[in-house]
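The first chain written gets the first letter, and so on, giving A, B and C; residue counts start at 1 in each chain.
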Amino acid sequence: MATEIKMPQLGLTMEEGTVERWLKAEGDSVKAGEPILEITTDKLTNEVEAEADGVLLKIVAHEGEDVPVKGLLGYIGQPGEQVGASAPAAAPAAAPAAPAAQEAPAPAQEAAPAAKDGRKIRISPLARKIAKQMGVDYATVTGTGPSGRIIKRDILAAAESAPKAPASAPAQKAAAPAAAGTAFPVKNLELMEGDTVEKLTGMRKVVAQRMYTSSVEIPPVTQTVKVDVTALLAFRRQLKESGHAISVNDLVLKAVSKALRKHPEMLVSLDGEQVIRRAHVNLGMAVALDTGLIVPVIRDADLLSLEALSAKAKDLAERARSNQLGADEYKGSTFTVSNLGMFGVESFTPIINQPDAAILGVNCTEDELVMEADGTISKHQVMRISLTYDHRLVDGAVAAKFEMTVRDLLESPMDILL
Amino acid sequence: MAKYEKDFLLKLYGGMVRVRRFEEKAADCFTKGMLAGNIHLCIGQEASVVGSNAALRPTDYITSTHRGHGHLLGKGADSKKMMAELFGKSTGYCRGKGGSMHAADVGLGILGANGIVGAGIPIATGSAMASKIMGTDEVTLCFFGDGASNQGTFHESINMAAAWHLPVVYLCENNHYGVSTEIHRVTNTDTIAVRAKAYDIPGVTVDGCDVLAVYEAVKKAVAHARAGKGPYLVENIVYRWQGHYCGDPAAYRPKEYLEEAHEHDPIANFRKKLLEDGVATEAELDAIDKEKADEIEAAYEFADSSPYPDVSEAFTDVYCEDNEECVAR
Amino acid sequence: MSTLTVSKAIREGLHEEMVRDKNVVVLGEDMAVMGSVFAITQGFLDEFGPLRVIDTPISESGFTGMAVGMAMRGLRPVVEWMYDDFITVCLDPVMNQAAKMRYMTGGQVKVPIVFRAPIGAGRRNAGQHSQCLEALFTHIPGLKVVAPATAADAKGMLKSAIRSDDPVVFLEHKLLYAKKEEIPDGEYMIPLGKADIKRPGKDLTILTWSRQLYFSLEAAETLASQGIDAEVVDLRSLVPLDWETIKASVQKTGNVMVVEEGARRGGIGAEIAAEIQEELFDDLDAPVARVAAANVVSPFSPPLEDAMFPHPADIVAAAHKLLAK
């Protein structure tokens, strides 16, 4: 009896994963516990280990394919063992080009109907059934039934408006409506010599979707304020000399946490007609990776000492880069800080990390000549901070006052600690 | 005594012994935990159940009560099928679906025991109505207890039967107790029979422990009913030796009740009379005793060795037509 | 086709069966000399005589129990309770005797009785003469329960009920007796357990019976003018229930409501809704809706009574809510 290799569930909200790379080929012998393939999910790349000794009999889901949680990836068994046609639950694996094949029961697909932002999707049983039959990804459909429930007409409308890819288009596979999570227009771009096409998958797909949604939904305003960080940098040097390796970013995080406590009007989220006032200062911290971007969250950052905050930020960043974050460590932010200062960026307009209402961009420090009160000219260090906020929830003056508090704290670093 | 055939008298004696042996065996099985639910015994009331049935034709009908084993046996029910029904076996009268309180044999004119006190009274009345409508001459004998005489159905039914002269005999076995309640604590009249006056029908109170007195009274009542003169109320004064149900210690009764009951043992007294009057010898009566004991033992063996009904039986015979659909939803 | 009132259609069905089978007898209060308060048996006494058309005393428990004995002896009694509300004084013979006798005797006996009873509110008869107790009857295994609305159905189903070997509770709405409708000529039967789609539609299934059928049809017309195409299914028979017709309709429309005049709590609507969600969950585009009487006593005062049980506007409103329109 062959053992099925299935897509693991790696986080509460994980619906599907993408086969990144098979580490074994069909026919290779494998040992229980040995990594046999890599998958990428919303945020992570993980190895899937063999559950049994034997040989990799068959690869069902090939590289680049999206497979729902618990969906079949392949089989491990004894050499010569027959699997496939007679095996149960064969391939609900994406194969999005053939929606008809999805009529085969694929219960796993229904196991975790959650929207990408983690909320439960309300959908009528009939609508769900029809969505499956028509290959419509209901996670992206807006419901018009009671309490926003997706009902039959919503699925029909979504199917009606779904882009229809010409049969000959090379990008056909990606254009099929079942490509979960994205609804980017298909433009059938002309390929030029040397171009290659790859599937939008894993983290890239999630980043694309989230940035797109945020930018479409939110009327943003970005305000930039100049901060004199001369004292801050001196303070940092002092700390370093006394053996405390605290970064400018740590100090910014601490100052922002403190400022947010003073300006709770910045800690809000919009849900339909409801404004949620957040009780916790959970600081998202954008971390750049080779493959994309991830935002681990420092929970209750305002309650942490500078040292603890620094340690936490360091730990999260390191584990983010080594792909070791737990699924719950990149969720639940209420405000986010994005720092591009190390790249010499002078100013930018960050995109809000939903469901936060604002994000603070941190830029590089530069030298500037300043005329002192006594008329002398001296060299100061300045740094710009760029606050983008959701104007549906936050107005300019409110945002400005918050930004001034951040600035004041950074300019009088002892206050950060008090 | 002299006016009766010996065979008839021995048949009455044997009938009573048969009922008692059945009830004793049932009690024994119940006490040993072989019977589910509960049973109501008529030990002490054998003269009433046997004497009254003796006044009927085979084509006549009876309705019975929760204390019905004797009524049914008296009307000719098969002791094997009766015992098997008590055991809940597939060979029982109702294939195990009714139990002690719902045994019936419509072929023998037994329209069923009944678990609801007083519910058999209108059914008997309806049976009498059916005879009248169909123009046949069966009489329906309706057994009930003193407790049922205070149900509305008693009054409603006798009133209708009287108004329409229906061929029904209402036979009240007054054993003085409705479960634990002594009849005179809840009833103003000295007898139940006196209530006949309210409906302008004959009513008579009889020593229900004297099988011949019962026979004579019911015979007269049946003849009256069969002649189209309407219903008749017979009240048999009897004693319920056991509590209401098997295992009921009946602590609510004075000890004199049981002493009196034993003095009125319908079987011992009738046996004594048969011997005194030289109708039968000890040996003849002993032979009858043994024959009945053997019959009941065989009934027990049959019941005990019979299979339980198949579980699928639980879902059949709720309806005559469309049973499956009606049971499904 | 001839035109008859519902009460005349019932009378005609009963009459045909009494002529056909001498074992059919009717009994109840005021059935013979008066010909029943709703004139169902007018003239029967003269034609069939007092042994087949029986005026009973006001002893519902007694005469209903008698009917059980009569049926066990081979007759086919048709009992009339003047109002279904009176079941309270004769429930034992119905529930513990007629319904259970066949089962308890291991299939030995048949109890072919038809219990006819007028139901329904709207006649300002107050709390003890206005109830719709279908749910109470359907809860009792062993009983069949039917409630036709139209003259044609009433006649054809009464004939089937009389010929059924099971006890059948046959519920007639008081406010439909005078309704004049066409019925087929000649003898015809309508089987128990077959629903009838009185108005086909594609957007919404309305399951109903008795007088609420007419209210549902009226509501369906209003909905049609608003672009909602409702299918009105007259269940007619509640036990047995025509599940196949319900299923087909629900699978067609995906939206379903049960409209009844009985109290909402523990009603037929609750039962059917539960059955549908268990069996047809994936066909539903919305939760099964119930439109039913309030869980109150039928009031006497007209404006109060009208507020108590469903009217077409209530059905229309429920449809809008159901379809989120």
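Note that contacts are C-beta pairs under 8 Å (C-beta built on N, C-alpha and C of every residue); 3 or more make two chains touch, one makes a residue touch a chain.
Small disclaimer: the values here were computed from a predicted structure and weren't measured.
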Select the category (line, ring, star, complete, other) that matches the graph of chains linked by touching.
-> line
Looking at B-C and A-C, which pair shares more C-beta contacts?
-> B-C
Most central chain, judged by mean Cα position vs. mean of all protein Cα atoms, is C
State, to the nearest whole Å, the distance from the C-alpha centre of chain A to the C-alpha centre of chain B.
-> 84
Please report how many Å separate the Cα centroid of chain B from that of chain C, as a whole number.
-> 40
Rounded Å distance, chain A centre to chain C centre (Cα mean) | 60
Multi-chain touching residues of chain A, meaning two or more other chains, are none
For the complex, which residues does chain C have touching chain A?
-> 254, 281-286, 321, 324
Per the touch rule, the chain A residues reaching chain C in their complex are 124-129, 144-146, 149, 151-152
Can you name the residues of chain B that touch chain C in the complex?
-> 61, 63, 92-98, 102, 104-106, 111-112, 114-116, 119, 121-134, 140, 152-153, 156-157, 159-160, 163, 316-322, 325-329
What residues on chain C touch chain B, complex-wise?
-> 25, 51-52, 56-57, 59, 61-75, 77, 92-93, 96-97, 101-110, 141-142, 144, 164-166, 192-193, 239-241, 243, 275
